[in-house]
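In structure tokens below, several structures.
Heads up, the next two complexes both have chain A, just with different partners, chain B and then chain C.
Showing the complex of A and B:
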């Protein structure tokens, strides 16, 4: 048995992938390890709960906004009841969705395209990210790292001018999507259920998908075929084993397990690993195109990549429908009253890479315990050969000549988030 | 101390003074120095193939757009308008200076801010032409290959490259848990090895400058900033969380132009960016002066964009140029969205300046030596009294007037 160590950089932060190969040249075990940590959960202990709203976005520069919204939801869950105006609810959903969109663009162009042998198109990644960030800033002040959401609503009083600024940028994103990713109207993605129809369009997404098929990689990277989604909003909550959906899930069944030699922990739901992220979300929402892809190629890199890119038009439509309902005359913030001295709360959001869970325990008015469970922990947390993690399972069985890095990165690794 | 004296001291404090007019003699000699430096750079080989003219062309931006940017940047660097052509030339030559960008104990938020998410279009294009010899996020090589590349860069450009650092460095117990590369170097070893061979080190973001969030109490990993590790090299600190891309470009540009670090304050921050408080140029300043405050979120004051001081804004004690440069291509900034400044460019802000707490409760030792606390204890009562705001304004103006005479 031969051991080899691959370093995976070019993700946010650094992680190591150790593959062990069998005599037939196939991966028999893959261990993913994360090599840096900041211990943010420890830093939060003993602090005023409101401090978490500023500290937590800094867990990750990539999905900082998801951390902010998860925090505010966890804090709101500590109250007996909190009323939030529809306006602040909409603003939070819009900024969160914008963060997802820009992350999907970046991941596709900076991570996936180069691995498929295409020239890195930095500007195609940077431009939509910049525009989406500006749209977020119109609501929230700046991006990355803002703290505009607080228990009871948001701090900003959006004016029609800021709204126009944001809408203009959302239009621009729509245009960029058509220009660079796929020359099709976002509405098409609502009903289209033929992969061939999709591939006939012009754009980098069909190019990439065709390349995967051309290389014969479309069945690679299959994992447990179990999916879980915790947050609603743009998506549907529930778990899906294969295509069998059940909506009755609770964050109470989530358990973290330490991993040997790594600073990250793996996560299980009722003792089983689940895949989180765009593919999981599409399975729960029964998105026609992705269901078709799943029927043909199962939970392979093909389905995973397609699902993530196809979330962009879905989110754009979602944002547009939200903004249509936005009433600026509503209150931004409704006083939730004194923060409870003793409470527990959990907040969930769907971040770009999947479900993000924050759990907080308050005692004597300060944070006693804070627990952050990130999407990468669900997908990348390693187990042992009997009970491998999601990405681990996808890697086992691959040959050295197979696109090992692509399979791993189809989950999108975020090490800063994972070790926090 | 008399209340009014306290206020006068606050607004006239030494840290606020930036000398923006140093006289003809100074600028003449600076101009000669820059011209010499730029002609040397022009004759040296380009380290990257990208050419700003072509990039601008491809983006449909005219020479005029570029010159507009150059003149704004010139002003930001606090140079006379006549230096604009030199700034433009330096921007064209920025690809002559190699840069190594290290990510240590970070959240990637600064890379995110500068390389992807925001910054005015031209700043960003210029950053594209900057020769990032080594940046984990942007480069194509990965793993062992990347590491070999870094070794090569260090050797080839020894003494000439700028080392940009993002993230803090853990030196406490368990520091071996943070390692980098196949050799398993600790972050400290890695930084020392690279920085030793650089011309100057630019610490970007509050983690790299002062330890930032990892260093927040109880600092579980013993995180420190670059200046606590690197000795005997010029260090420029560009704090804030995330650091403003304009300030990063400005600093790099200044180095390209002069071959020197810009004038720094006592925390090694460039004075052109950190010479003023947020408060000094805040768009809501008039409301502070008039005693009009947001008393709680969502109230009438919030709807009318009143001053956020009473809901915990740390603008009066935070040195940075956000109120002028703003964020995300100037789209907005936190105070614009109704959230007070959290003081993210100050040392230890996690423990001292954090959220929503009125300053008097926050146990702040402010950069100007605790004056702000006095102002807070005495001043807040004072500010709420009708009409007194105008008196403060008068004092502030008087202090400002004196400053100009010096």
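Showing the complex of A and C:
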């Protein structure tokens, strides 16, 4: 059997992709292996629970804020009850959504476009992500790696100045979205349900999508067609088998398993693998355009890439509606009282690449166990030939001449998160 | 420290990292100017001349080597030990920059990994492995390092300007003063007004909430983050992320001895601090006693 090992680079670190090919030249098995581990969970043991707010963003340079929000939710879940103002709730949602936007821009322009043969457009990636980072910093002090969300709210007093600073930048993001990604109003994405209508607009997104069709890749990268979303806010929680949605899910059914030879663990929900991320979220929200894409091209790279880019306008609209409701006269922080000496708590959040789960166990006032389950573990955790992981399944059946790297990176692998 | 470089080739290598320094650099507003003047042989995010695989297998000429992440001698990428790759390129490069606290002092990821350390330090302690390149090293700690610090350091190197370094090889221009310098809570600090409450602009976090800025070297409050803010300005106590002991324990509380912060400001004798604090506290200053901004600043009404 022919085998190949590729070093996959620029995925927030690296991973090795081991492929085995059958006699017809198609991938029969694909193993994704990560080679470093940083053991962040171990660093937390024995510490004051609040230290996790500082340490956990350092799991990941690109989704650090999602790790912060997951941490604060896990810590708040340790209290019998915590009151937090709508103002701080809104701020957290806004900064989290901004992080998703910067990540989506970077991924589309630095990862996807070059793999489709377009010249890398660095400024188109970096300008919007820089502006999104500034808007986060207006509320949170800095980006990346702030810890402005604490049990009971946020540390900052949001005055009209911070608000203006953030709003100006959100306006700028909207403009950039139109200028570079697609020449259409974000609101269009609420109704538009025709791929052709979208493709007719000017912009890099229609160009990229047209290129996938032109290359005949639109049906590639199909996987299990099972989706799961754990956190709400901008999105809807639930699982979807194909288009059959059920909203009754609980983090209690998540199980982590070690994988031979790889330092990452895979995750299952009731013993089955699920895809997480923008496509999963769009399937649960029944976003018109993505539903149409799924009907035509199933859970292929076409749908996956389109779903991620289409989250940008959706998030911009979400942020605007939140800021519209922001009442500055509310408290930023309400003292939640002494941290419980003994408790367990879980926090979930939708990070750019999908659901992120943090679980903490407190004993004698310090962290006894901390457990982080990242989106890439859902999508990339390898399985075996009988029960392949999500990305594995997407790769199996591809020929050597097919866009293997594109299929893998359509999930936006994050090495550092996976090997936290 | 070096003559003006002939060529401007930068190689960015990562060891045990979160990639935070790479992403942080991407936030620099003038990155495009830098990219016009230099060439990245490899950068973990930006388009680069070579693939990492090629960098690992070959020895390319380069002028500046940037290292991100704790150095773990057992870490292998593509079957090759990263430490060997770092050793090889650090002898080729004319300048070696450690970007971030991990590659400088070991940082977060050396806390769960006894073998991992910074290039020249494991926390405070000097290590020997890279002794021979000490003279060409520049330390830029920070978790992550502020993008402008990397940016300006590279500019200074490219222009052949003299960079004044301290005993840890940090540029003094960035690390000679503390993070406390420039915080907009300074007035409260001066008069030792604690009563800081999270969610408010008023009050200093040194007294109760663990602010480490007075003994943390860095420029966060002068060269603002993302051009507009800083953690302490926003209301998050400085966690000392540029220091060898980062991350210390109990980062949200000030450790005290008999009501006095146990850790005095950088270079200030304890006794001096206690006397000054005593004097400052003896006065009740009306202006600082109550909030200056009304709750929620009350300026903007509900929309």
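Just so we're on the same page, the second predicted complex is superposed on the first by the 420 of 420 C-alpha atoms of A that agree within 3 Å, B and C clash if a C-alpha of one lies under 4 Å from a C-alpha of the other, contacts with A are read in each partner's own complex, and residues count from 1 in each chain.
In the analysis below, a contact is a pair of C-beta atoms (placed from the backbone, for glycine too) under 8 Å apart; a residue touches a chain by one contact, two chains touch by 3 or more.
The model shown is predicted, which means the values in this text are computed figures rather than measured ones.
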Clash or fit, chain B versus chain C on superposed chain A: clash
Which superposed partner A:163 touches (first chain B, second chain C, both, neither): second
Partner chain in contact with A:288 - chain B first, chain C second, else both or neither: neither
Which superposed partner A:329 touches (first chain B, second chain C, both, neither): second
Chain B versus chain C as contact partner of A:344, first or second or both or neither: neither
Footprint overlap on chain A, comparing chain B with chain C: 7, 9-10, 12-14, 35-36, 38-40, 42-43, 47-48, 50-51, 53-55, 58-62, 64, 106, 110, 114, 120, 122-123, 126, 129-130, 133-134, 136-148, 150, 152-153, 155-157, 165, 331-333, 416
In the complex, chain C residues that touch chain A: 14, 16-24, 26-29, 31-32, 35, 44-47, 51-53, 72, 75-78, 108-109, 111-113, 143-144, 197-201, 220, 225-236, 239, 241, 247, 249-253, 293, 295-300, 302-303
Touching residues on chain A, where the partner in the complex is chain C: 7, 9-10, 12-14, 16, 35-36, 38-40, 42-43, 47-48, 50-51, 53-55, 58-62, 64, 87-88, 106, 110, 114, 120, 122-123, 126, 129-130, 133-134, 136-148, 150, 152-157, 159-160, 163, 165, 324-333, 416
Residue numbers on chain B that touch chain A, as the complex places them: 103-113, 115-119, 124, 128, 136-140, 142-144, 146-147, 177-182, 187, 212-214, 216-221, 223, 241-242, 296-298, 302-303, 305, 327-329, 331-339, 342, 344, 350, 354-357
Sites on chain A touched by chain B in the complex: 5-10, 12-14, 35-40, 42-43, 47-48, 50-51, 53-55, 58-62, 64, 102, 106, 110, 114, 120, 122-123, 125-126, 129-130, 133-134, 136-148, 150, 152-153, 155-157, 162, 165, 263, 331-335, 405, 416
